[in-house]
Amino acid sequence: MGMTIQLINPNTTATMTERLVLGAQARARADTRILGITNGAGPASIEGHYDEAMSVPGVLRAVGEGDALGVDGHVIACFGDPGLLAAREIARQPVIGIAEAAMHVATWLATGFSIVTTLGRTCVIARHLVERYGFRDQCRGIHALEIAVLDLEADPEALYRALRGACVDALRTDGSGAIVLGCAGMAALAESLQEDLGVPVIDGVGAALNIVELLGALNLRTSKRGDLAYPLAKPYVGLRDFLPERR
Amino acid sequence: MGMTIQLINPNTTATMTERLVLGAQARARADTRILGITNGAGPASIEGHYDEAMSVPGVLRAVGEGDALGVDGHVIACFGDPGLLAAREIARQPVIGIAEAAMHVATWLATGFSIVTTLGRTCVIARHLVERYGFRDQCRGIHALEIAVLDLEADPEALYRALRGACVDALRTDGSGAIVLGCAGMAALAESLQEDLGVPVIDGVGAALNIVELLGALNLRTSKRGDLAYPLAKPYVGLRDFLPERR
Amino acid sequence: MGMTIQLINPNTTATMTERLVLGAQARARADTRILGITNGAGPASIEGHYDEAMSVPGVLRAVGEGDALGVDGHVIACFGDPGLLAAREIARQPVIGIAEAAMHVATWLATGFSIVTTLGRTCVIARHLVERYGFRDQCRGIHALEIAVLDLEADPEALYRALRGACVDALRTDGSGAIVLGCAGMAALAESLQEDLGVPVIDGVGAALNIVELLGALNLRTSKRGDLAYPLAKPYVGLRDFLPERR
Amino acid sequence: MGMTIQLINPNTTATMTERLVLGAQARARADTRILGITNGAGPASIEGHYDEAMSVPGVLRAVGEGDALGVDGHVIACFGDPGLLAAREIARQPVIGIAEAAMHVATWLATGFSIVTTLGRTCVIARHLVERYGFRDQCRGIHALEIAVLDLEADPEALYRALRGACVDALRTDGSGAIVLGCAGMAALAESLQEDLGVPVIDGVGAALNIVELLGALNLRTSKRGDLAYPLAKPYVGLRDFLPERR
Amino acid sequence: MGMTIQLINPNTTATMTERLVLGAQARARADTRILGITNGAGPASIEGHYDEAMSVPGVLRAVGEGDALGVDGHVIACFGDPGLLAAREIARQPVIGIAEAAMHVATWLATGFSIVTTLGRTCVIARHLVERYGFRDQCRGIHALEIAVLDLEADPEALYRALRGACVDALRTDGSGAIVLGCAGMAALAESLQEDLGVPVIDGVGAALNIVELLGALNLRTSKRGDLAYPLAKPYVGLRDFLPERR
Amino acid sequence: MGMTIQLINPNTTATMTERLVLGAQARARADTRILGITNGAGPASIEGHYDEAMSVPGVLRAVGEGDALGVDGHVIACFGDPGLLAAREIARQPVIGIAEAAMHVATWLATGFSIVTTLGRTCVIARHLVERYGFRDQCRGIHALEIAVLDLEADPEALYRALRGACVDALRTDGSGAIVLGCAGMAALAESLQEDLGVPVIDGVGAALNIVELLGALNLRTSKRGDLAYPLAKPYVGLRDFLPERR
């Protein structure tokens, strides 16, 4: 019997969630059931620290609710991995972010990778994650298309051309061997780009889903020893809609 | 004419805010006006990633409201510096976190410092901040009292003894020259400890306030070029109480 | 239709390979076919730089032969990941080492992990891999049982007690949240230890197998752009038994 | 009652000291008294390791004399922070360098900063300080005008144009959000540049003065525990003019 | 009485060994005897991880045989330092790699150096060595001529022009003060280049030989405490031609 | 014809210089002439940042005078390497510090080393050099005897016992394979300790002398391109006794 995995879109644009789920199903095991969850609170897209911070309570609510319902794991499908460690605290089951997933996968395929993302203002978020995850030596560059997340859909062909051009430049400038796509909204283009460019092009959504499957297969869950233990019970003011049922 | 600085307590315990403001006033310039703000949403204390994440929208609301009202700067008075970069995006005026402030100050007084904090589960938060801020070489150890934030008040003498003991151990084990207090709730003890131990004991609340004053004196504000520019305007779902007025 | 994955034991002890395959089958997908390969050349166990270096040509021969036969991926089942980058050069299909696999998995489950390995003299090999893979901040300690690889089998109960004791010590000393087992020969004990200790205990063999499956599912292969491109054709002297057929 | 702070110019050009003091007064608290001290021994300008080393005994003499006279703190106004740790050993009161001060301040205003300095040969000094202070991730580039320190005064308009051009280039190339001026002699231009460029432009002299004031307000002094304790009393040969009175 | 040092060429091209020995003699002490050893097994040139891995057993056999015969030290004359730590395990006498040697020497002559090597695909090998040896801050760039090792001989004048051009570019781009030649096959050009460019140009072969001499003069040998102790005796399968006599 | 090398003792204790020269002669080439130079200005011993800073002008004067007289290189024989980069600027011939020399040599003999030095207050100086030279991963610990430099001579047997004990502790605690002696005054004990402990014990004086010889043999000098170029000519005030003749 397969796993049920929540694919949480941290932004509040439901059409984007739908596309993510469509693309993800093809990348998951046949018997994996993917539950697409659109964040119920927060910005329509996430393009900065503030957007990200405001998306987190909704992400955590989704994680908590799914965990209570018995899902087998969670993917946080925004390249900033918003709320990742907090989600690990409250969930019994594994939680994986797509930036984390894509970067890890890239290191197994090339000695150096490049990230291509949306707006220049989000590059520092990717950069901080690279530092946190330990991939300073492997990440050779972070590049921005200067296309907003919600505009990725506007003109698919123009997007593809821009993305392809940025990837070609990144590979040459950085001397890297693989591309990490720096936005969940680029997932659908990974396969064509990979074929076109002749190098691995990694979409974090597929990568994260497969990592959750992997952890399930290995019977591994977040450590509850130490700093990822369940949060201590304590009084809350406001944000009540966001609080999970007490365990 | 002096500055008006918001001292934001990210937890929702108003009595703690009051004590912070009392202590802070003595450390600020005579003509500085300190506005104590208790977070209107979130946990009663912050002792983990989840607590911290849930405190952030309220912190950001306070920052946004204060900025709209024309305050001259903001201090985020929790040792995890919750929401710091997001706050810098939305505020016109400087925002300083107390962990950041205390660590910076420590490096001016000793070649190595030790952090003494509350619960062991929060050490990783301090550790991640040390890495982010660049003080891997200067921070020689992070130590926990295993006393919860809200229990810091329970028995002041017992707290003092425990804290003093932990500091003495930290100085010896780490070979460090200064102590950084790892919780806003310890601020009141800094002076006695310093006198008692004969080394600098740094309270981040006083440090952060003075840094905001310093930035005001130097006519310096957060850069709005690049990743700390104001957030892009975009539709929001939920969390409406938390959104600042649009500029 | 499932994948066929080579599980290559870099040492030349066939009984160890058999046990590895037995254990691995339970951790792989139902339709994955695992081919256990005992290195045809090299030392009976790998406990140092020299042992490791001497195992590599045989490992590479196995990788090359398997790749020529059309297997879908390769696991190098020794905690030093011997020959990993060279194997990636010659193989069309993914190659994963068990040290690499176990460390990556550990970072998804805890903010810090400890490695427990066999002999003290191998700790530096683990240490160099930690540095190469980028996990300096996440790996909190490397500990040795001082039991030789081939003695791991001698007295299973004594081994379990020793290993359990070392893990308990490591978790406390390092303040870590997960254990990485530092030898393929410890794989069979992972599950009991995990149940016993109440923290994730990660066996790299299962982890690496699942990562190869994941890469297959995502249609990802080693980048042939740049430094992992197929080796240049050139004359060879000696070692002829070790050379793969020319592509 | 305000503080008295020594503003020590490590080079021996008195006219430069005068200008520094003029500019500094406007940036200090109203009741702070600034004592400008021109180094009594050493080179007319500091543009290399040798110049810097030769300036140090005079700097230390000034620190020692000021400390004996009861000043409340010291600023070392050369971007190499010459003699900083030695000065902290001999002084009872705080000592701050302008490179240190400017870099710390920059990290509070932007996630990345650029340094613009005088001659290319001094870049390595800035680079070593960046590494020592921990700002490898935050400092995105170090750029030289190739104008000598004492020529900064020659043609103010040409200097401003050159400096402005270098700052514009640095911001774009480095993707940074703030400018650190890499020479005390550039202090007078900070404000115009800041207005002109629309990003924070940080002059270390003002920054360091305010940090000394901050430490005074917080009742903090250099730790005398460990490596910054007063130097051990010992016989000296030569350099007698440079030795402070024995405490 | 002078030392006898093995100069081991890890590739199997005997003419290259001859040239190396010719050049080396001029750089060694008058009473040093240099034994040129061409690897008896492996590729004709080393330009990647696979080539390197396959060269190692032959290198180790040469080290073991020389050590048994009583030579006083060993140089591994390929810029990837293949088998270095393994060789240190089996040898009683010192073993030095030419990449290691050249990089160490460069740091004594300039605050930053550039590496110029053969093919782009080998740059990552140099990069990994830079990281392992600790010279991230000192190595300012790694550059490739895109000339294959065995083509270095084809047209000496064209090679010199290409190499000279690459060095000039590297010095300017990197802002470095010295050149490290990234291939043993470039050794003969070091002196002319140095005179021509006016900066130190370091050939690792001469550097490594002199370091072995230095260690002999200081009566220093590889530590046999810990991880470089002699390999444990154990059964071997295959590779028998490569195994040293048991001590 | 051999080289003439200045062995500069940065402290002003002539008897220490004499002992250093005696010990050094045995470690240099037969035809090397060693000129012992006692610093003409500064403290009797160097045990802190201030002592070190005050020793530098005298060290630089000695370097400049020796260079003018045509010596072939310089050793700065104090474990803090005082004035090293400044000396490289003014000298035509190579300059090597003993801390630098000892650490480099240690990395060729073991994968990790420990430093044993005199007073605890000097450990931070060693630590900063470890960071500057790039040996964070290789230096496993820095330990202090708490014996002052000038007391090293007082009771040779007691010193030996204390030093031996500290080395044994360091090797065990750090898991290291070699000892670096952290003071020129310990040089005479290196050989006995090495025999006694069975691990390499490295005296920086011998190491540095041999490195200068090595650079001479390889016809290598400090790069005069960039930041180690000769200091710019400029007016000086005071310190006139310390200034070299103008080139």
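Which chain is which? They are A, B, C, D, E and F, in the order written, and residues in each are numbered from 1.
Rule of thumb we're sticking to: contacts are C-beta pairs under 8 Å (C-beta built on N, C-alpha and C of every residue); 3 or more make two chains touch, one makes a residue touch a chain.
According to UniProt, the chain labels map to these proteins: A, B, C, D, E, F = Allantoin racemase.
Computed from a prediction, not measured in an experiment: that's the story for all the values here.
Annotation of chain B and chain F: jointly contacted by C, D, touch as defined at the top. When the CA atoms of chain B are superposed on those of chain C, the rotation angle is 120 degrees to the nearest 5. Taking the mean of C-alpha positions as each chain's centre, the chain lying farthest from the centre of chain C is D. Seen from the Cα centre of chain A, the chain whose own Cα centre is farthest off is F. Each chain gets a centre from the mean of its Cα atoms; for chain B and chain E, those two points are 52 Å apart.
The centroid of the Cα atoms in chain D and the matching centroid in chain E are 44 Å apart.
Centroids of chain C and chain E (each the mean of its C-alpha atoms) stand 30 Å apart. Shared interface positions of chain A, defined as residues touching 2 or more other chains, are 85, 111-112, 120, 123-124, 131, 137, 175, 226-228. Under the stated contact rule, the graph of chain-to-chain touches falls outside the line, ring, star and complete shapes. The full set of touching chain pairs reads A-B, A-C, A-D, A-E, B-C, B-D, B-F, C-E, C-F, D-E, D-F, E-F.
The part of chain B that touches chain C in the complex is made up of residues 120, 123-124, 127, 131. Considering their complex, residues 27-29, 85, 94, 96, 100, 104-105, 107-112, 133-138, 171, 175-178, 191, 194, 198-200, 202, 206-207, 210-211, 213-215, 217-228 of chain D touch chain B.
The part of chain A that touches chain E in the complex is made up of residues 111-112, 137, 175. Chain contact summary for the complex, chain C toward chain E: residues 12, 39-45, 47-54, 56-58, 60, 83, 85-86, 88-90, 120-125, 128, 131-132, 148, 150, 226-229, 231-232, 234-239, 241-242.
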